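What follows is subunit A paired twice: with subunit B in the first complex and subunit C in the second.
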Partner chain A sequence: MSGGDAAVGQARIDDPTGLHARPAVKLTKLAKGFAAAVEIRAGADGAWVNAKSPNAVMKLKAGHGQTLHVRADGDDAAAAVAALVALVKRNFDG
Partner chain B sequence: MTDTVLPGNALPDNVAIVIVSHSPEVARGAADMVREMVGDEVRVAHCGGNPAGGLGTDVAAILAAIEAVYTPKGVAILVDLGGAETNSEMAVEMLPEDIRANVAICNAPIVEGAVMAATEAAGGSSLVEVRATAEEFRS
Partner chain C sequence: MADAPGERAIAGITASDGLVAGPLVADRPAPAADRVAGTARREGEVLRGALERAAGELADLAGRGDALAAEILEFQVALIEDDDLVGPILSAVAAGEPADAAWRFALDREIAEYQAGGDEYMAARASDLADLRDRVLRAIHGGDADGPAAGGAGGILVADDLSPSRFLELDWRRLVGVALRTGSRNGHAAILARARGVPMVVGLGGAAVLPDGAPAILDAEAGRLVLYPGVEAEARLRDGRTRRAALALEADGVLERPAVTADGEPVAVLVNVDDPGLLDTLPVARCDGVGLTRTEFLFEGGALPDEERQLAAYRRILAWAGGRPVTIRTLDAGGDKPIRGVTDDGESNPFLGVRGVRLSFTRPALFRAQLRALARAAAHGPLKVMVPMVTVPSEVERVRALLAEVIAGLSADGVAHAVPELGMMVEVPAAALTAGDFDVDFYSIGSNDLVQYATACARDNPALIALSDPANPAVLELIGRTVEAARRRGVEVSLCGDMASEPTMVPLLLERGLRTLSVAPAQIGRVKLAIAAWRRGAAA
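So, the complex of A and B:
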């Protein structure tokens, strides 16, 4: 990703089960609400995947205690990163 | 048997989901998973069982389920085994041509496919995208 407005953020996954099915669906739905390209990875060494892809997010299988990294590129990139980080920080509640 | 849920904030702009199982309990359970995991922005209809109340599928019930949630944006159908697919194909063939074009049977596991399809649909994706997401699913 390059150019435009870019933003990055991260948050630790506190859920004992990690990024399991319901949180994965919530994260995907949230990401889809933004125009910016949004990507996530599990841990600093993980591969970046499209946060708007239900299959990619479900397959990430980020575990408890891992840090979820978020990056976005586009007009609402900062808002997208803030929203996803907030979702992880509130343990996917609501 | 057909059961349809049309929550107040379900958007006709989102592709709808129809779940067709041999078992009414499986169909209802899969629909419950979609509503609990994805929410109510996506309309979901489900049907299962034959007219005699046993395991099986019923073309008329499938047709009614499709018509209950139909939107020009599209309807993605998730099926379980054999007859669910062939009866769903028959139901789709009975639809008027202009409606039929907006209805797709997905080659995906019924429960997982329904959840993934609905997740894709909730973001306003097209029927082509919704179907692709369901069919790409691998646990």
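So, the complex of A and C:
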């Protein structure tokens, strides 16, 4: 990711079952609402994956207590990161 | 019709009563392999069209209002809309691969990846991917993409086994019954079938030849499947159906009337709730309240429910009951009901393992959240809390202390709440034999597990079905002792297992002194009829 507006953020996954089907679908739906390229990874050493791909997000197998890192690149990058971090922080509610 | 196949009866075991006829419909028929691929451009159109059709069908299915099913289907729809997943497949098709081969190859690779690592939750999602793979393949082949759910109207579903989620996904307005090669009378799908009145016969044998489309009679009274029924079998079917229709009419007549025995003694008939979605179609006037709410429904499909979501679910049931008592069982995970992130899947014998309240004690945060939600819901109606798998009195005391702690917290925070009655489920023989030693506000006999533990027959083992007999005198003795303990302590006792829903068992339970039964919603009428026919002192 390069150029344009870049933003990063992170939040801990509190949900006891981790990032599973329902949260994964919610997260990707939210990410798709932004024009920026959005990526996430589980833990500081994880591989970055496309936050708009439910299949990729599911396969992260991000578990309870892990930190989800978010990065975005594009016009609305800051808003995208803020929205995703907020979603994780409110435990994927709503 | 000289060469029509002759009549053939296959013996099985009744898992849910009924008598129906129709053609056999295999669940998820394998798509035909002999398809001729078109040009690259045409194949691209075929795949796009199939994906669109599959997405539409899934949206339809999700719209039926079943929460658990909706969640599984939502994930499948999201996968169809996943450009990272679908994009490369479309590229492969544009480069000349046939639509079906490219789709199958890519999905199989994903499924293998989900299955690798032995993660139970990911394995369950792998079966969602397999569902999606087959649905799209059926659409590519131009067949009936929704499988037996859309086609085969009036058919008898045939499968090896049926998972609870698959059961919920199927459209039971279109299918008349289920015939399973393996399966179990005591499994979760069987409980769902009984609750909805879907006839089911299990244990037909792994090698049973059940040709798709063959005309059949599913005799879920005698526990058998009759293929290619002859004239006499058809006549018996008509007689049976006439008899059942008369009985159903009679049952309908008593549905909304209070149950009384032939001596005029009132009997409370409550319902078991496994999925609150069921309540939308159940008039509350048919019952005297909810005798068992299985809160596991809240925990299926991924995320654990927080306090607010639980509170909303409990309040919904209380609102439906309209002032009638509602008993809610705390999480009863473990045994044959593993819950991802909660249960330990490394146990060698889960039925004798850390399940029910034993498990809740190992998950204090989860348990507290549930008790808080229950105490808050109790402010809105007569809610009773039932604790599963209690073995010794100190476990009840521990729950009572936790509940008191949670309630003190709610008071301190100024959150509306009430102190619910606290009762125990009697399903461990040790608890049944010493029931009088427990300081509880009520007892509810969980006969399914009580039978399993008293007869040492795992309830998911079809080979032991005959031996795991609820009418075993030892089981009835344990029930009788529990009823007697409740009488001496002056508290209520009910029975909420499958026994209460079985009209032939009802006399045995009334004989033992039970006057409160909690039954599957579809069985209310028949149970009330069985109660009306019973007279004190008459031979059961």
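Keep in mind that, in the parts below, the second predicted complex is superposed on the first by the 94 of 94 C-alpha atoms of A that agree within 3 Å, B and C clash if a C-alpha of one lies under 4 Å from a C-alpha of the other, contacts with A are read in each partner's own complex, and residues count from 1 in each chain.
As a working rule, contacts are C-beta pairs under 8 Å (C-beta built on N, C-alpha and C of every residue); 3 or more make two chains touch, one makes a residue touch a chain.
No experiment lies behind these values; they were computed from the predicted model shown.
A.B. asks: Quick one: subunit B and subunit C on subunit A, clash or fit?
C.D. replies: Here subunit B and subunit C cannot both sit on subunit A without a clash.
A.B. asks: Check the contacts made with subunit A and report whether subunit B or subunit C touches more of its residues.
C.D. replies: Partner with more touched residues of subunit A: C.
A.B. asks: A:Arg22 contacts which: subunit B (first), subunit C (second), both, neither?
C.D. replies: both
A.B. asks: With both complexes superposed on chain A, which partner does A:Asn55 reach: first (subunit B), second (subunit C), both or neither?
C.D. replies: In the superposition, A:Asn55 touches subunit B and subunit C alike.
A.B. asks: Can A:Gly33 be said to touch subunit B (first), subunit C (second), both, or neither?
C.D. replies: first
A.B. asks: So in the superposed three-chain picture, is A:Arg12 touching just subunit B, just subunit C, both, or none of them (first/second/both/neither)?
C.D. replies: In the superposed model, A:Arg12 contacts neither subunit B nor subunit C.
A.B. asks: In the overlay, answer first, second, both or neither for which of subunit B and subunit C A:His64 touches.
C.D. replies: So A:His64 only meets subunit C here.
A.B. asks: Check the residue A:Phe92 against both partner chains and state whether it touches subunit B (first), subunit C (second), both, or neither.
C.D. replies: Touch partner of A:Phe92: subunit C, not subunit B.
A.B. asks: Where on subunit A do subunit B and subunit C both make contact?
C.D. replies: 21-22, 25, 28-29, 52-55, 58-59
A.B. asks: Enumerate the contact residues on subunit A facing subunit C in the complex.
C.D. replies: Against subunit C, subunit A makes touches at 15-18, 20-25, 28-29, 50, 52-56, 58-59, 61, 64, 91-93.
A.B. asks: Touching residues of subunit B toward subunit A in the complex: what are they?
C.D. replies: Per the stated touch rule, the residues are 36-39, 115-116, 119-120, 122-125, 133, 136-138.
A.B. asks: Which of the residues in subunit A come into contact with subunit B in the complex?
C.D. replies: Subunit A reaches subunit B through residues 21-22, 25, 28-29, 32-33, 52-55, 58-59.
A.B. asks: Flag every residue of subunit C that touches subunit A in the complex, lowest number first.
C.D. replies: 71-72, 74-75, 78-79, 81-85, 110, 113-114, 119, 121-122, 125, 128, 301-304, 306, 340-342, 365-366
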